[in-house]
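Only one structure is covered here, and it is reproduced in the block below.
Going in written order, the chains are labelled A, B, C, D and E, and every chain counts its residues from 1.
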């Protein structure tokens, strides 16, 4: 059980970005986290995996626990070893290493399993197998995203945190990523899925959270979220109420402004 | 002909010393993307330690001990002055290492004292006759030492995951951290390695000669060498070092006094060579091209 | 972000350099203080401040190419040297031991020194269009070594290594600018002169920085491919950056040694380049005022460490004992740079920003 | 889709649209052809081939873009879409093929020359100048419309001042157009992602382009931001009349906005046609769309 | 600005750097204090190994003077205003400006480009200085009170000696750039012309990696005698390498080229076999009243001829101060006047009796004696004397009409 309780995160000693946020990822579950840009999703993931430090951020209050043990004071390497791995936003592959070197690095904390896991990852992403000797920086955006996911899997995590994995992927690949997440999950790995693509995320998640400016504003089972009028309008682009017809972008009104949830 | 071969051999000897010096720079650069201008000070510290240790424990024990001591010194410096700068622009860190260099060198100079010191190497100025050709033993020793250390380093980078982790940390510290690489440990290892190498390199630079406060200047020759070879390339450092050593020795032998260039031209040949090579290959002979795409 | 909103009625008002009353007030106060300093300080300090002003001109130049355009140059010493020798040769005594043309007027030798250095900069610029980052840095470092070799060897111009030559003479319209008379001492005049020159150079640099050229520089620094795609001619602007920077360096070099009146080729070493880089970084790269602050800091630092060592207890003043004050002085120099950069990597300018935001936010944090 | 009534070649709208009176002496290459007619394509991309060590990024792609057209390029990841843009803007030089933009051959020209010809683009991953403010980024977009030299810049008198003021006024209209008022003086690095994408569009518009290339303009955006961006793209078309080439994975957006769509895969063209045709093209479904269809 | 002229109780005129308060470390608290500055290369520069003992010896010298009753009603302080120039002209000038308001004169100004950076100001303000260098140029500066033979004369004497000892035909001067090295080389050249020998001039730089050119030049030129003017480490490199690579000629090094520790270097056998050393005065262990006083004043130090140099260089300053006090004018101008009127300085036997004639002008006042030493592990400074102070015919006949280095 990965739990975040009343977490407050401050950047640069002054910017309060998470304001008392709580979420729970049960073992083996898929949990979706939705929210506008800048809501604090990435910050939450950083807080879980111990990466706040190098962004001059710190946990001001609250805690992150894994099976009851506090995580947020550990170093990133220790957190990875405990089975929490992250796919960072914006790919962050090592551009000047080859594809295979990137993957090997993913297995840094568990070197003996590297060969076996390499085979698994190549089986999941045949494209990567084709390009294994290629310099990763020259891969196209989508190829890089696949590499980033494969790299995180190399650590054999129990909890996988995905920060916008569908970003920049072609529709067919988004579909693949979706299936992949399901498959990873079926093998027993819990997934915390941060997404802009709410349709995809909610279609596979058991539970979903909606974040607004550092707070959880909606916290419901995915099915209920899919039925929520606000979610339908603002995250799925469906007409509120009945029907499942998508609004055409041509019909979007110029004056429409963001509606905020009151908290 | 003998003269040519002899000067080539001398060139290989000094070139090996340059290569060892350059390797230290490259290792730090590979792991941290920083050129450590503190290397000259570490080199001097290492040599001076050897000069103090040799009378007590003998040359063969003194060198590893001094290398170890210098590695620890480098580790300490890394911990106090460089670690807090993780994630800062490489150039700021480079200037910090310059500050380190200034400060460390003053302390080391105090240990050099007023006299000239000696590492007490077993080779002195003796030569080895290879047929009609003579080679100085210290040059042979430098070549052998460089070959052994280089082989060891290559093995380290190739067969240990620390090697890969070092390269990854150099490229993207956050991403490396996220995958369980301890960036701090990577930094520490690279600085310690570089410190130890500097001590060994310095010993060979001073073998057959003396140690005085000006010895640190030889470490600066490593700069054109690493650029020539490619900042992040270990083979580049070796080949660059040898190339510079040989060319310098050839120029000293055959073209030192070009009237319109003034005397002692060999002193600037490394820089000229570097300029010429870079005009053709902007990332040196073996440097990794920076990946740039939009 | 920007303090109280001000009502502005034209873009011209908004584009003004000193766009708020507070800025205008501060600048005026600072200027008055700077001009009045000669009545408050002793001559040796004034002379040091004159050197600071000149160093600031050089640092602004380096700031333009390195801080703004992002082309890290460790070759500044080379351009300073070119300026210094051009000026000294132009204004030197025709019958002296070294080359001298007898053109003693500062109005002639100062621009000439800048121009010759700028031409050298233009010649170096093609390297910058090919090389990136540290490669460029080390290659420009190579310039310093090659330059030093030339300066050392060309003794009819430079006097040669370990010998040196007299610097340019400060004369304007046939009248010497820096001699003690009943009105003011040499050092007072020297200080005023350098201060005025600094103001002129700083203002020009500030103008350049806010112009399309300055913007193009920053674009190249932040993202050169994108800069090209939106229409910035990369080779051209890198060349301009090097030319302007070298012009500043040339002028600074020409002026720098008029204060002491004498200089030798050994001056234009790696150390000098490094000092200028340190000025730019410590001041805060990418700002003119930062470069000036950095130049003052680095130039005053040795003096400061000499004063400071009096407060370090149990340290011998005997040069033969270890540790002694002279070692402490040098170590302090290194350590202060380290401490400073660790403590405030954005430099003096960052310190200022920090202080400003602190006071603005006070008493509320978050 | 409803075509707008035909416009004149001269775009109207933001800023002072009159070209600066001096001919672009240094940056703009000499035009060889006679002025082009309005029904000719603004862009002709003809059998271009581009390969990197072992990869054929573009392998014989041809297409044309009309003077009022919104042309979309779609395809799987790594198909070569961005590479097409990079060829167009002079970042890559193809090994073969011809690219003619507004009567000028682009091959071999450097990026800044192409920009001066009136080709502007946005980038897949935001490529703004992170330390500069929104205004400065936009002003940079006007770089080649401001022509004073270094000397005038040093003095900040006369021409420099005049042109800066004019540029400033022009940029202000873009701020207005894209509703960036509240961010004006913020360094773009600190802005929300969606706003950054908008600033990038603004920077491209500030160039007063004759053709606009948009590389995944809504990538990474949430629905709301996507809707805003769609609106701005439509506005650019309707109010400024600038033709566009759009690369995007958001099929909803492409299908709603594009006039014609080119599908590429492994650097090769798969199909070209209207959105409706493309959507049901079996090869396109297999290679690109997959099972997912629009909900 | 600057000090106004005052007169003390006895009617002695003073201005800057002389106080009626006692020195900080006064022997007799009733005496006033004359402050002298020292600007030397104390931490980073190339001459640090020489500068530190020089400075030490000067401190000891003035302490001895103070203990012996000082100068008139004053004692002399050389400890308060000691500054490090890092062998950089700008730094030298800055620290000079810093201490100038507080010192009467400089007990030491080390280095020729560094001193060059303050020479103009010294002349303008009548500040005199004892140099720590031997270039012939200083004979032409009134404000500089040099001691002993300059490099130019020293190398002439060395050649006169060499001609007698092993009559070389071809000469080579290998030296660092600068007035220091150039001066020595000029002496070799001038002597070679007089003595009908061939001459080659080779410049080198400081640093172990920078001697390859010089070594090659020696091996190619095969001169009979090489005159070295550089630091000890570089000299050892050159001698060691050249001999190892088969050079058969001999070497003579001018004054600061030697360091006793070279006898532990790999080059020691070569040095013992082929190397000799010239010097402007006798070494540390010589038996003269001056040398004895030197050794007594510095008990327990490792012998080094840097001490000897610092000691010798201080005598003229003492003589000048005494003369100025005697003349009743201890102002800067008065001190300069005293220097110009000095016809003889008492070096307590360390230099000939006629040495120190500043009134006589450059040529007539020049000291022209040199001693020759050879490496010897038994000697306290690693050398033993080959020939006592002598003036060779070439040096004797030479007219010092302008600085020698200008004739190179």
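Heads up, the rule we're going with is that a residue touches a chain if its C-beta (ideal position, glycine included) is under 8 Å from a C-beta of that chain, and two chains touch if they have at least 3 such contacts.
Note that the coordinates shown come from a computational prediction; the quantities given were computed from them, not determined experimentally.
Can you name the chains that touch subunit D as well as subunit E?
Of all the chains present, those in contact with both subunit D and subunit E are B, C.
Which chain has its C-alpha centroid farthest away from the centroid of subunit B?
D
For the chain pairs B-D and A-D, which is connected through the larger number of C-beta pairs in contact?
Between B-D and A-D, contacts are more numerous in A-D.
Select the chain whose centre, defined as the mean of its C-alpha atoms, is least distant from the mean of all protein C-alpha atoms.
The chain sitting closest to the overall C-alpha centre is C.
How big is the gap, in whole Å, between where the Cα atoms of subunit C centre and where those of subunit E centre?
Those two chain centres are 37 Å apart.
I'd like the Å distance between the centres of subunit A and subunit C, where a centre is the mean of that chain's Cα atoms.
49
Distance between subunit A and subunit B based on Cα centroids, please, to the nearest Å.
44
Rounded to the nearest whole Å, what is the centre-to-centre distance of subunit A and subunit E, using the mean of the C-alpha atoms as each centre?
It comes to 76 Å between the two C-alpha centres.
Got the subunit A residues that touch at least 2 other chains?
138
Identify all positions of subunit D at which a residue touches two or more other chains, and write them in rising order.
82, 91, 123-125, 127
Could you pull out the residues of subunit C that touch at least 2 other chains?
In subunit C, residues 152, 225-226, 229, 327, 330 touch at least two other chains, as defined above.
So in the complex, the part of subunit C that touches subunit D is made up of which residues?
Against subunit D, subunit C makes touches at 1-2, 11-12, 14-15, 204-205, 207-208, 210-216, 218-219, 222-223, 225-234, 240, 244, 286.
For a test of understanding, state which residues of subunit B touch subunit E in their complex under the given definition.
The contact residues of subunit B facing subunit E are 10, 14, 105-106, 109, 113-118, 121, 123-127, 134, 136, 205-215, 217-218, 221, 248-249, 252-253, 256-257, 263-267.
Mind listing the subunit B positions that touch subunit A in their complex?
Within the complex, subunit B touches subunit A at residues 86-87, 161, 164-165, 167-168, 171-182, 288, 290-291, 293.
Quick check on the complex: what are the subunit D residues that touch subunit C?
Residue positions touching the partner: 26-27, 89-91, 110-112, 114-116, 120-121, 123, 127-132, 136, 139-141, 143-144, 146, 148, 150, 153-156, 160-161, 163-165, 167-169, 172, 185-186, 203-204, 207.
Would you tell me which residues of subunit A are touching subunit D in their complex?
Of all residues in subunit A, those touching subunit D are 36-38, 90, 127, 134, 138-143, 145, 164, 167-176, 196, 198-199, 234-238, 244, 246, 248-250, 252, 254, 256, 258.
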